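The next block holds one structure in the form of structure tokens; read it before the comments.
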Amino acid sequence: MSTYATRKATNWIMLGLCGLCAITATVALIAILSYTIAKGAPAINLQFLTSLPQPVGETGGGISNAILGTLLLVGLACVIGIPVGLLAGIYLSEFGGHRFGSVVRFTADVLFGVPSIVIGMFVYALVVIRMGSFSALSGGIALAFIMMPIIARTAEESLRLVPTTIREAGLALGIPLWRTILSIVLPGALTGVVTGIMLGMARVAGETAPLLFTAFGNRLGFQGLDNPVAALPLQIYRYAISPYSDWQSQAWGAALVLIALVLITSVVVRILTRKRR
Amino acid sequence: MRGDAVFPAVTFLAALAIIALMLLIVYQMTIVALPSLERFGAGFLTGTTWDAVTEEFGALPAIFGTIVTSLLALLIAVPLSIGAAIFLTELAPSPVGNVVSFLVELLAAIPSVVYGIWGLFVLVPLVRDPLQRVLGDYLGFLPLFQGPRFGVGVLSAGIILAIMILPLVTATTRDIIRMVPSTQKEAMLALGATKWETIWRAVLPYGRSGIVGAIILGLGRALGETMAVTMVIGNAFKISPSLFAPGQTMASQIASEFAEATSDLYISALIEIGLVLLGISLLVNIMARLLVWRATRGVGGRLKT
Amino acid sequence: MIKSSPLPTGVTVPVRDEERKVSNGGVQEGLVSIGLNAWYGRLLAIRNINIHFEPKHVTAIIGPSGCGKSTLIRCFNRLHETVPGARVSGQVLLDGKDIYSPGTDPVQLRRRIGMVFQRPNPFPTMSIFDNVATGIKLNGGMKGSRLAEIVERSLRHAALWDEVKDKLRNTGTDLSGGQQQRLCIARALAVEPEVLLMDEPCSALDPIATMKIEDLIRSLRETYMIVIVTHNMQQAARVSDFTGFMLAAEDRAGELIEFGPTPQMFTNPKDKRTEDYITGRFG
């Protein structure tokens, strides 16, 4: 019976290790979250959120430029990325059942896996070099390219969940196909589509690498779409690797603001999708 | 009825735009990298000098650093991820599983730069002491664990990457394991196998190609991860056998030098690194997607964010 | 067709049958269930099942789909409880010992009670040889010629040896559906169980493959106690010695309506509902 005792012991040890793995993953999250809150919370106050950075060497100042910059960049990304992503998603779910559809689907998945820094370099070559300067516009374009595949694929999937009978019902009423899709099918899949858009926004709001040589960062406020603009992740990066402890603590404060933005979005998405199921 | 002619065409154009974008990325990067491509040829991949003054550029140390940090990350993250995925699907009562799943998904949503700042201020000191002290004292006879103990370096980069790919690999593996038919598990249980034996001999083998896909997906993420690595790897352009040494990855080199690049050839060389990175990550992602798609076919291919 | 007897109907009939059997000899040999209930979450799937399977006999459980017949046999190797939320109450005695007593380890129990599933489910990543050997390998220690011997014997028992002896290293999924199912039977036989539970083993097979499996079941009766769930009455009539008929009550819980020797069940059923079912007048 000793072999059976060994087997039983192996069973419990291995299952225990699996539990330990899950605990480790959870601990990692809690460690990161709690440390960011502990270090970031003291830095946050109204002045920090609403004022511009002080000139180098002076203490104080805030991150209002970065918060506004991130909102602007994400807004630009939405303006460019949502229409294309959504239309592509509609194509995939309504018209794209054949070979070209799967090519698009596959390309979208692969595009999603392209390192964001490569997207940044690409937009640098495509836009920044041609325009002759770093700019908010180029940053927004870079983020839009990252958003597109996410929106396209999530939109496709939620549209597919709308039963065919609903499409047939619309057509049977004599409504043209395009109106059926836009005014009957799309609203039916709205939760899922919105979820995808929010996921995309949360993802790009935290992106740093593609902004390094597009939006570039700016210690002043907004100065036009054709000028560099600040962003939260960029500012966190620059402040964190600086040697000044004042800047480092501001980096933690900004990290907390960013994490709050991103995680709140994720939690809302989670609640939305749970209702749907 | 004109709308029915126009509307599908418009959506088709949007779908086409996605493919066009992919092609345009490859084309545009190649164009800008041309000066460097022409100047260094294949030697770019094997050159070990990176000198902006003499304009001598070779990418081998960055490629080496990328591979080492990514493999190190896989080494740490893969067992953890598979274990956690098994826990989530086969062991945890469903409320616990849901909570842990949720937390792991949150971990995936944390921006790279936050991992970076946490890595720089929390992880790096911990790596310096106790991790490097213990490894150096007890395993210091291995070239892997020799040299000055800075904290920043390849080891820290590997660990932070491991934490970052953990949620992706865990969530994908979890979905793969869920797709294993219950009759496979029951067949093994009915032969008198323990729970672990059922997982090890029936569940994991059945899902193996999908799990390999999940791992490669994690590899793809690790290869291109930029900010967190840039902040903890030490940015030194050399090839060292020691994990304690500072290093460079393709992505971190681009991030840390691009803004300072002055000459066209310098920029061109950096973009060529980006091109190499793009090529590798395309290859890896295509492979991973094919494997994961095959394993979860029929349930849609939800993007993991 | 034979007229049904005017006896009052109800669940008491099988219980009375059962009591008679036990009291007659006082024999507890074989597999006995007493007051067995099984749930999926809050849903009662089978209610108060009292049944007795005898060694070296084939017992068929018939009934319309959804009557709980698969759930019933999954209680006999404690596979039912592996479904999340599922539970069991009552007793199941194997040679007089309750398999649901706290001292019984389900893992070891399942080596004594083998199972064949509705659809052939060979392990796709294993060779034909390894599929059969896997149950033995779990306990370790056995290798080489001894293992090969058992694999060959099991495949012969399952009437598959001649068809696969030259391709033991191929994967099991290369075989036809009927061959795969016989491979699964060989896999179950390899660990030398006392009981073989078969959950609609032919429902996914063509008529020729079905006939082979039925021949096999008849030949296995000499060695094993076999319980076969089937929705195919002809099959039950052809292969079994005893037949139990199950039907779902109004609350969807399956009940054992009647149990008896197969010829009697098919020629002279006591219960009106049994007769309706076997004459196709059901529903």
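Per-chain numbering from 1; labels A, B and C assigned in written order.
Basically, a contact is a pair of C-beta atoms (placed from the backbone, for glycine too) under 8 Å apart; a residue touches a chain by one contact, two chains touch by 3 or more.
Note that the coordinates shown come from a computational prediction; the quantities given were computed from them, not determined experimentally.
Engineer: Work out per-chain C-alpha centres and flag the one nearest the whole-protein C-alpha centre.
Structural biologist: B
Engineer: Busiest chain-chain interface by contact pairs, anyone?
Structural biologist: Per chain pair, the contact count peaks at A-B.
Engineer: What is the distance, in whole Å, between the centres of chain A and chain C, each centre taken as the mean of its C-alpha atoms?
Structural biologist: 53
Engineer: Find the geometric centre of each of chain B and chain C from their Cα atoms only, then give the gap between the two centres in Å, rounded to an integer.
Structural biologist: Here chain B and chain C have centroids separated by 49 Å.
Engineer: In whole angstrom, what separates the CA-based centres of chain A and chain B?
Structural biologist: So the centroids are 17 Å from each other.
Engineer: Would you pick out the residues of chain A that each touch at least 2 other chains?
Structural biologist: 7-8
Engineer: For chain C, which residues are shared contacts with two or more other chains?
Structural biologist: Counting only residues that touch two or more other chains, chain C contributes 107-108, 138.
Engineer: Could you list the positions in chain B whose residues touch two or more of the other chains?
Structural biologist: Chain B, residues with two or more chain partners: 194, 197.
Engineer: Show me the residue ranges of chain A that touch chain C in the complex, using the header's touch definition.
Structural biologist: Of all residues in chain A, those touching chain C are 3-4, 6-8.
Engineer: Contact residues on chain C for chain B in the complex?
Structural biologist: Those in contact with chain B are residues 77, 79, 82, 84, 107-111, 114-115, 117-119, 121, 123-126, 134-135, 138, 184, 187-188, 191.
Engineer: Considering the complex alone, what residue numbers of chain C touch chain A?
Structural biologist: 107-108, 138-141
Engineer: Please name which positions on chain B make contact with chain C in the complex.
Structural biologist: Touching chain C: residues 94, 181, 183-194, 197, 201-202, 205-206, 208 of chain B.
Engineer: Quick check on the complex: what are the chain A residues that touch chain B?
Structural biologist: 7-8, 10-11, 14-15, 17-22, 24-26, 28-32, 35-36, 39, 83-88, 90-92, 94-96, 100-101, 103-119, 121-122, 124-126, 129, 145, 148-150, 152-154, 157, 160, 176-179, 181-182, 199, 202-203, 205-209, 212-213, 216, 233, 236-237, 240-241, 248, 251-252, 255, 258-259, 262-263, 265-267, 270
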